[in-house]
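Should a chain be cited, it is by its letter among A, B, C, D and E, assigned in written order, with residues numbered from 1 in that chain.
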Amino acid sequence: MTLESVAGLYNYWVVIFLMMTGFYIVLARKNLIKSVIGLNIFQTSVFLLYITMGKVEGGTAPIVPPAIAAAQAHAAHGSDAGHAATPHVEGAHEVAHAALQHGGELASTTTEIIYSNPLPSVLMLTAIVVGIATTALALALVVRIREDYGTVDEERILELDRGE
Amino acid sequence: MTGFPIIRIITKLLIPYILLFAFYVQFHGDYGPGGGFQAGVIFASGLILYGLVFGLHAIKKVAPPIVIEKCMALGVLIYAGTGVLTMALGGKFLDYSVLEHDVLPHWHVPSGQHLGIFLVELGVGITVTAVMTMIFYAFAGRKQV
Amino acid sequence: MIVLEIASYFFLIAGSIFSVIGGIGLVRLPEFYSRMHGGGITDTMGAGLLIIGLLLLAGPTLTAFKLFVILFFLTVTSPSSCHALAKSAISHGLKPQLDVENDIELPTISGGNPE
Amino acid sequence: MTPDLLPSELTAGVLMATSFAVLLTMTLALIRAALGPTVFDRVLALNMFGTKTVLLISVVSFVTGRSDFLDLALLYSLMNFIGMVALLRFTQYNDFGGSVAAPGESETR
Amino acid sequence: MNLIVFALLALLAITAVAIAQLRELWAVIMFTGIYSFLSASWMIILDAPDVAFTEAAVGAGISTVLMLSTMALTGKAEDIPRKSSVVPLFVVIVTGATLVYGTLDMPHFGSPDAPVQVYPDPSFVERSEADMHGLPNVVTALLASYRGYDTLGETTVVLTAGIAVLLILRKNEDEQDDTAPLARNKSS
């Protein structure tokens, strides 16, 4: 267990801590609303796990900065007239380089911009909205349970079900 | 919240900007952070804020549940309709490249992908707005037993 | 240019000092209404000065416009919600502790929301 | 990373110091929210926490040189207000649907 | 930058523990809002502004409103702890230890050779530069174009969940609280 691996892995450990906190809330608390909140925390920690994996050291967000994007679009329109041909990846690199030289004050950069991985972002983005919709469903069920049983306490509900 | 006149005034002041911001997020989503999901949630939050401050009957006048209900399905319809449109134009389902030369040839759309992404995000935005607003109506319209 | 940067440093540091002071006040002051003072300092002076500092750093760009909008939102929403909070607290019967020497009858602040 | 967008050394240092001050304030607000004897102390701390998050995002976006993410700070301030209004409505009326709103009507409680 | 991240993570962990410990539900909901803000801040630092956008809007806005309205409907029930919380604690610690053991083989944080970064080669950023004709936000391009089917599915799931909530909670205008025969004799 070197210091290097601690520095490389602590993110995962924090995520696991949060995940286990959510799990503990679900297990140890009887109130149904609290359980839903615990599930929410668990869910958020999963989002954080995915986003953590997508980060690249020294990278930036996968949104091309406006200045570079404008230069790029200009270069792309200038070079190939029709969009019909599918450019190769090397072509994209050249376009990016041309854009870097094109955009005046950006010319000093020989290093390419590193972008973090956009794929985890996409997966989690949809998952968050689906998550709130399903949370709303769970809360609706909690409301109905309260209306029928008069309580949101798990053990009380079980007792009522057993007919005590 | 009749007890809070200042909150009422501030809400009246803010809501146009919230809705404008939602539109900005929706239509600027290709260029900065944002997109249909976020814009839908923000738009719905604007409506919910109005409902919180002025009451459920006021917000139901602004956004009638019957219309919002239809919008829930309308968004998915726009999304899937885009896919069917691309199929009708000879491409694959949701292959936006075919939109480029066949739809709106006189409009200077940057590319078929742009147009397709715009339509799809619009559908997502409409559905998310409608679903969130309807969920709020469902919860707020219920009386405590 | 360098003048602007130095001014922005000044505003940034002043803003952070104000926010920390407000935070300490929020923790250490004895009761709710005086804590509100600490919260108010961070929300107005702290946030305002910080954003002015960032504005000077940004220069006349789109960023500056966005910062200006944020400043507008903060100055509008934060004090009004603080006000509503205080009003709600008073109408719930939370009385301010007044440090009065003599046994004077306290002014009736708590009667804010007669129903 | 885009070197042209990054701030200079001194500016970055000041921005880091500022963000630490903001984080310290956030910690203090969290302490008050955890201690808070009354409802209102907690809500006050929450409001302050939201404002500080807005500031933190603004400052961090300057540190990383991606100041086009200030939209997020804008969104945070709006959401903070909505959350505050919801909490106030809950503490004051304890329901969300009631007809407390029509101007001229008296409050239900 | 690292120090900011450490401080944020510490605050996040403290908030999570506070959520687990607090008894009053509305205070828990308030802390959930704080948790959401904090995790969104971390997401921004982890280069995912789009996700942070969604998380802030959903977690701090809609989620708070929904939970508070649920509480308004269910009453301010206190959260009474179980008699023994030893077993859940034990389960949680064992599971957590297993997961931590599992992370020891994970690629280090931010390493560019991690399987996640290497597998789709060339990466989506480069691919979309070619395909999308200068659409700057790669996340949107991925969401709506490369993973268009998936997003259609997600939208349908949102629609379905909304319909389900409506089916559960909606009442007719004339039908007032005539359900809940159990509730009456319990709550009185």
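Things worth noting here:
Going forward, contacts are C-beta pairs under 8 Å (C-beta built on N, C-alpha and C of every residue); 3 or more make two chains touch, one makes a residue touch a chain.
Bear in mind that the values here come from a model prediction, so they are computed numbers and not experimental data.
Shared contact partners of subunit C and subunit D are B. Think of each touching pair as a link: the shortest run of links from subunit A to subunit C has 2 of them. The interface carrying the most C-beta pairs in contact is the one between chains A-E. Our note on geometry: subunit C versus subunit E, Cα centroid distance of 30 Å, whole angstroms. Note: centroid distance subunit A to subunit B, computed from Cα atoms, is 21 Å. Centroids of subunit B and subunit C (each the mean of its C-alpha atoms) stand 34 Å apart.
Each of residues 20, 26-27, 39, 43, 64, 66, 68-69, 71-72, 74-75, 78-82, 85-86, 88-89, 91-92, 95-96, 107 in subunit D touches at least two other chains. Residue positions 73, 77, 81, 84, 88, 91 of subunit C each touch two or more of the other chains.
The residues of subunit B that reach two or more other chains are 3-4, 7, 14, 25, 31-35, 37, 41-42, 45, 48, 52, 110-111, 128, 131-132, 135, 138-145, listed in rising order. Pairs of chains meeting the touch criterion: A-B, A-D, A-E, B-C, B-D, B-E, C-D, D-E. Looking at the complex, you find that subunit E touches subunit A at residues 9, 12-13, 16-17, 19-20, 25, 28-29, 32, 35-36, 39, 42-43, 46-51, 54-55, 58-59, 62-63, 66-67, 70-71, 73-75, 77-82, 85, 88-89, 91-93, 95-96, 99-100, 103-104, 106, 108-112, 114, 116-117, 120, 122-127, 129-131, 133-134, 136-139, 142-143, 147, 150-151, 154, 157-158, 161-162, 164-165, 168-169, 177, 179-180, 182-184, 186-187.
Remark: subunit E residues 49-50, 52-54, 57-58, 61-62, 65-66, 69-70, 72-75, 131-137, 139-141, 143-145, 148-149, 151-152, 155-156, 158-159, 161-163, 165-166, 168-171, 176-177, 179-180, 183, 187 touch subunit B in the complex. Contacts from subunit B toward subunit E in the complex involve residues 25, 29-38, 41-42, 44-45, 48, 52, 69, 72-73, 75-76, 79-80, 83, 93-94, 96, 110-111, 113-114, 116-117, 120-121, 123-124, 127-128, 130-132, 134-136, 138-145. Contact residues of subunit E toward subunit D in the complex are 1, 3-4, 7-8, 11, 14-15, 18, 26-27, 30-31, 33-34, 37-38, 40-41, 44-45, 49, 52-53, 56-57, 60-61, 64-65, 68-69, 71-72. The touching residues of subunit D, counted against subunit E in their complex, run 16, 19-20, 23, 26-27, 30, 33-34, 36, 39, 42-43, 46, 49-50, 53, 56-57, 60-61, 63-64, 66, 69, 71-72, 75-76, 78-80, 82-83, 86-87, 89-91, 94-96.
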